[in-house]
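What follows is a group of structures, each given as structure tokens.
Look for chain A in each of the two complexes below; its partner is chain B in the first and chain C in the second.
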Partner chain A sequence: MLEQIAGGLALGGVYALIALGYTMVYGIIELINFAHGEIMMLGAFYVLAFSVSMSPDISNAFAIYTSIAFYFAVDSHLNKRFGLYGIAFAVILAFFFWFSSRKLFIAEITPLIAIPLAVIATAISGMALERIAYKPLRNSPRLAPLISAIGASLFYQNLAQIIFGTHRYSLPMAVKISNAKILGSNFALAPVLIILSAVVIMIALHLFIAKTRIGTAMRATAQDKYAASLMGINVNAVIAMTFAIGSALAAVGGLLFTIHQKTLWPYMGFMAGIKAFTAAVLGGIGSIPGAMLGGFILGIVESLGAGLFGEAGYKDAIAFVILIGVLLFKPTGILGKRSVIKV
Partner chain B sequence: MIKYLKKIREKKGKRWFALALIFALLPLLHLYYPHISFRLFDDRIDFHLGVYSLALLYVALAMGLNLSIGFIGMLDLGFAAFVGIGAYTLAILTNHSTLPFWIFIPVAALTAGFVRMVLGATCLHLRGDYLAIVTLGFGEIFVTLLKNNPGGLTGGPDGIPLSLLRLSLSDLTRFWLAYFFAMLAVWTVYRIKFSRIGRALESIREDEIAAEAMGIPVYRLKLLAYSLGGVIAGGIGALLAVEVGSAHPSNYDFFESARIVAMVVVGGTGSIFGSALGAIGFVFLLEIFRPLAEYRMLIFGAVMVLLMIYRPKGLLETERKRSKKKLSKLDCQK
Partner chain C sequence: MTKKLLGILFTFLIASCGAGRDIAGDRATRLETSSGDIHIGVAGPFTGDLAQFGQSMLYGIELAVDEINSAGGVLGGRKIKIERGDDQAKVNEGTLVAQRFAGDPDIAVVIGHFNSGVSIPASAIYEKSGIIQLTPASTNPKLTQQGYKLIFRNLPNDDENGRQLADFAGRQGYKRIAIYFANNAYGKGLADVFEKRAKELGITVVDRQAYDTERDEDFRPVLTKWKGNSLDAICIAGENPKGAIIISQAREIGLKIPFMGGDGIASSELWEIGGAASEGVFVTSYFHPGDKRPEVVKFSQTYRLRFGRLPDVWAAQAYDAMKVAATAFEKAGTISPPKVASALRALSDWQGVTGLHNFDANGDVVGKKVIVTVVKNGAFKLYEE
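Moving on to the complex of A and B:
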């Protein structure tokens, strides 16, 4: 029972981290970012690519992808007057050569370098995604960005499948962590580590949004984009920043998910993404504490439910049954604001 | 291309007739050229009757979804589940009885319509994206149920094969069946759109509160349009299962729903002709991309993104246009 609750909390922490990305993006531009699960998958694969030496084909393909993403990310976030295009190209070239000739350097870099690198690269991917697929559609009918999100999700899934193949990979550090035990070797380390890191990251995010200038700008933009732009807030930069932070959280979520599941594979983003989105809606979409709460509730219920009903395949349905049940009685989620329509 | 699209946008009545005629003439074409094939990257692409009937069936599905997305503006991400309900109803009933299969097509349609009515009656008060996620959740629950084979009915992850039934019908029979039902669906939706109910639905889409104030029974009409979409999905889903030759859980997952949503939106939300074109275009494009193997869905995703960026309102916009948006939303991002 205790093991199950710990496992549920760990899974909940992962869902919550991914759900934060959904809810932040939704809070600012009212878009269901369907490609977010794929961004999380990409984050896990970045950790893999940075910490294990892959075959030259794979690392070349990944390097090309990263370079393109980096180009668009720079295009989205930074103004041209900074003259950052030159730097961007330099970094792209550096990335490319580093990836393709990394055997000249060290065979395996430590997790302490690999994880931050992967987080940054995923954040770049998220910004590039926003720049390419969502920014041109900001003033279009609401369904247009949704369709382009689904298109982007398909694109990323198949890109990962082409680059990495369909089989499952295992991440050395994840294997090491998930085999480790604490407390006199009868309690697994992985859930504790996952919960701790999820909670630390959430507190950091809360402080970031509540205390910093950028956080304030984000809150202002979420309330009213037009008024925020009148106050001198660069709305485009704030939106790009939101995507960057959401994707960075997704990368950590992906890593923790890999630790939890012990493997990673190109389709892992879909189900985890949908469930994280469910968690965000459960807590009230657009609300950051709601996403955390929804994630933890979903994780625990799913873990306990799987224990109660045996290991049947109905596990995936539990989340959605809970969601429908909650929405029937509380139509805007647990912590969501009741939207009052004024005539 | 865009010029041509504008041209057909102006001729509303005739373009339907032209499309129906083209599809009615396809069997004739098939008589002389059973396989229209050309080469792409050292691979042959075949256009044969099966592809045409698939296109027709997807046209009908797009009509069914258009009833909820286009007419009342409710995003539905679990539409494929209702297609699946129709398919599985037909598959289970034909496996357990000796009656001819076409009797079960209306049964399948009504079953799916009923389930959708029940779902709609409980969830239609939810707004916007909350409704979307509930439909998505329903779709996922449905697929999970199918995979777990409750009561030994659904055949688990392998689905129920219908290849015997498929072989018992000739290509031409299946084509005309698809043609008949697609035209029926299109005609129904067309008649609804330009009737009192259609105008009422449109007013609900534009402003629910104003519509209610005008005395339109909002909830009832929403439920009507929503469950009618289920009826269409069920009937066409049964035919689609026969056409494909099996009822398989993976045919009714989220990506199938997303694909049908994309057909409607790419064609032009609310426009009947547009979503029909969208459906035909999707089926044909998927067929053309087939030789690209694993690159197919990659390119397909990219095409979806690009299409939305360059024509965000779809290939054909809705005929009656929206009134101008509020000023504050318009200016801030440009």
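Moving on to the complex of A and C:
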């Protein structure tokens, strides 16, 4: 029983990290970003691409995608002139992939370099996604960006299949962490690492939003975009920043998910995304502590459900029955607040 | 009214014409007199979760075809040409591949499919359209027990695999075992045979659980439950990569008992995904690259030179399937499927890299040995008890 709960906490930590991305975006522009699971998948693939040598075809295709994403990400929001620097950076990135694919770099790049690079690249992907799929629809009916989000999700799944193929990859870094033990030989490092990094990142994010100027700007934009822009807040930049942070967290989520599930593959974002969305709704969508709570509850329930009922096949059913229950009896979620109509 | 009746009669007439046409016979007659390249279909999971198995099959076949063609081909200089069909390890894709091959009048033999669940429905299509199906991998006994004439496999079926695996467990002295099986034809079949034989040997099968090959990713809840069951070993009746993931997650939660599994987990994904966790896993097989027989040494060397890695059992199985098919063409003196099938049945002690090949009336291989290998330093080694 205790062991099942401990196992559920690790899974819950991964869900919580991904759920943060849903909840942040919803908090600011009231959009369910269904492509968020795919951003997580891209994050995991970036960690892979930066840490091992892949075949030239894969590296080149991924580098081209990254360059395009970077162009869209920086060109629109920050500064028109910055687009040029963006292209320069993209070219450097492309060369990096190209060289690494030809083993001119050391065969395995240290995680300390690979993970930050992957986090930055995924944040760029998130910004590009917002620029292409959501920004043009910002003043449309709410259904339009939702459909656009589903389209983006399918696009990314298929893009990843074209670039990487449909089979599973294993990440050497994750294999090592999976087999590492602490405190003697009985205690696995992986779940501890997952829970700790999830909690640390969530506290950092909470402080970032509560204490910094950008965080204040985010909260202002969430309350009222128009009023915020009157106060001198660059609303476009704030929204882009939200997507960047959410996607950066998704990249870490993708890495932790890979450590937890042992492999990565182009469809990994789909189910994880739906589960994380469930967690976000469960905790109260729009609320950051709610996303954390929802993630952990969902992880534990799934683990207990499969372990105690004897039939592992019911665990997804249990998760979704909870979702339906919450939607029926407390549609705002555990920590959610009833939204106040803006006048 | 008469018109209507006539119409119905006419429809029946046309339908019966179609049914009466002997598609298999047409193909036999056509291929009997054909000349030029010999077209062979290769079907397996070349994309998707099981892509690594498909890739190994392709490598093995590529090597065999190049050796045959560079030695002058078969039947007086006819070259062999491969046509691929990717079944993605899915039943619906597999039947589509089978229908595509059935629509191609030049195909005499199909080597594949990998999964039993795909091979069984596809075999009906091959039999009806007069194509020989020779699978190097599908082990579910049902495949060759349908009364078909053209369906062969060049490896022992799961009755044999499951029995050998249970006998091995008995010799190791395991008393309490749990079975984790894939919910497909292969996994369920192997689990059933294993359980039956284990009970005969006095081994208690404490629990058996199924996993979904497409959806399940987290196996910890079941494994954690088994942690408290004081088991001696866990038997995996399923395929990699899920098998490798199960073992890796079990070691992570501190489950230290031995793992054993059928040929479905005989691939390098065990250590690519599991790393150190895969050390000591027992796997039944028909081949290991360290075998000292001269043909195995030669095969392993050429394979390694060409593809940069040692051959696994599936590359060896596919290599043998291609070679044994070519031998049957020579023996039959034609590529007409019924005659090739007779030639295959008439083979006696044909020696391949995976052992001796004799085919019985059902199309099952007789006399090939199941061996137990163990993972050691990231490679399969023959386990010496």
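What we mean here is this: the second predicted complex is superposed on the first by the 314 of 343 C-alpha atoms of A that agree within 3 Å, B and C clash if a C-alpha of one lies under 4 Å from a C-alpha of the other, contacts with A are read in each partner's own complex, and residues count from 1 in each chain.
One rule holds in what follows: contacts are C-beta pairs under 8 Å (C-beta built on N, C-alpha and C of every residue); 3 or more make two chains touch, one makes a residue touch a chain.
Just so it is clear, the model here is predicted, and its values are computed rather than measured.
In the three-chain model built by superposing on chain A, chain B and chain C fit together without any clash. By the document's definition of touching, of the two partners only chain C reaches A:167; chain B does not. By the document's definition of touching, of the two partners only chain B reaches A:277; chain C does not.
The partner that reaches more residues of chain A, of the two candidates chain B and chain C, is B. Looking at the shared chain after the overlay, A:231 reaches neither chain B nor chain C. With both structures placed on the common chain, the touch criterion links A:11 to chain C but leaves chain B unconnected. In the overlay built on the shared chain, the residue A:263 is in contact with chain C alone; chain B does not reach it. In the superposed model, A:316 makes contact with both chain B and chain C.
Seen from the CA centre of chain A, chain B and chain C lie at an angle of 70° in the overlaid model, rounded to the nearest 10.
Look at A:3: by the touch rule set out above, it reaches chain C but stays clear of chain B. Judged by the touch definition given at the top, the superposed model places A:145 against chain B, while chain C stays out of reach. In the superposition on chain A, A:200 makes contact with neither chain B nor chain C. Between chain B and chain C in the chain A overlay, the least Cα distance found is 8 Å. Chain A residues 312-313, 316 lie at the interface with chain B in one structure and with chain C in the other. Here chain B touches chain A in the complex through residues 69, 75, 122-123, 125-127, 129-130, 132-134, 136-138, 140-141, 144-145, 147-148, 209-210, 254-255, 258, 261-262, 265-266, 269, 294-295, 297-298, 300-305, 308-309, 312-313, 328-334, going by the rule given at the top.
Touching chain B in their complex are the following residues of chain A: 26, 30, 32, 132-133, 136-141, 143-148, 150-159, 161-162, 225-226, 229, 235-236, 270, 274, 277-278, 281, 285, 312-314, 316-317, 319-321, 323-324, 327-328, 331-333, 339, 341, 343.
Residue ranges on chain C touching chain A, taken from their complex, read 47-49, 51-52, 88, 209-212, 215-222, 224-225, 227, 241, 244-245, 248-249, 251-254, 269, 272-277. The part of chain A that touches chain C in the complex is made up of residues 3-4, 7, 11, 165-168, 170, 175-176, 178-179, 186-188, 190-191, 260-263, 265, 271, 302-307, 310, 312-313, 315-316.
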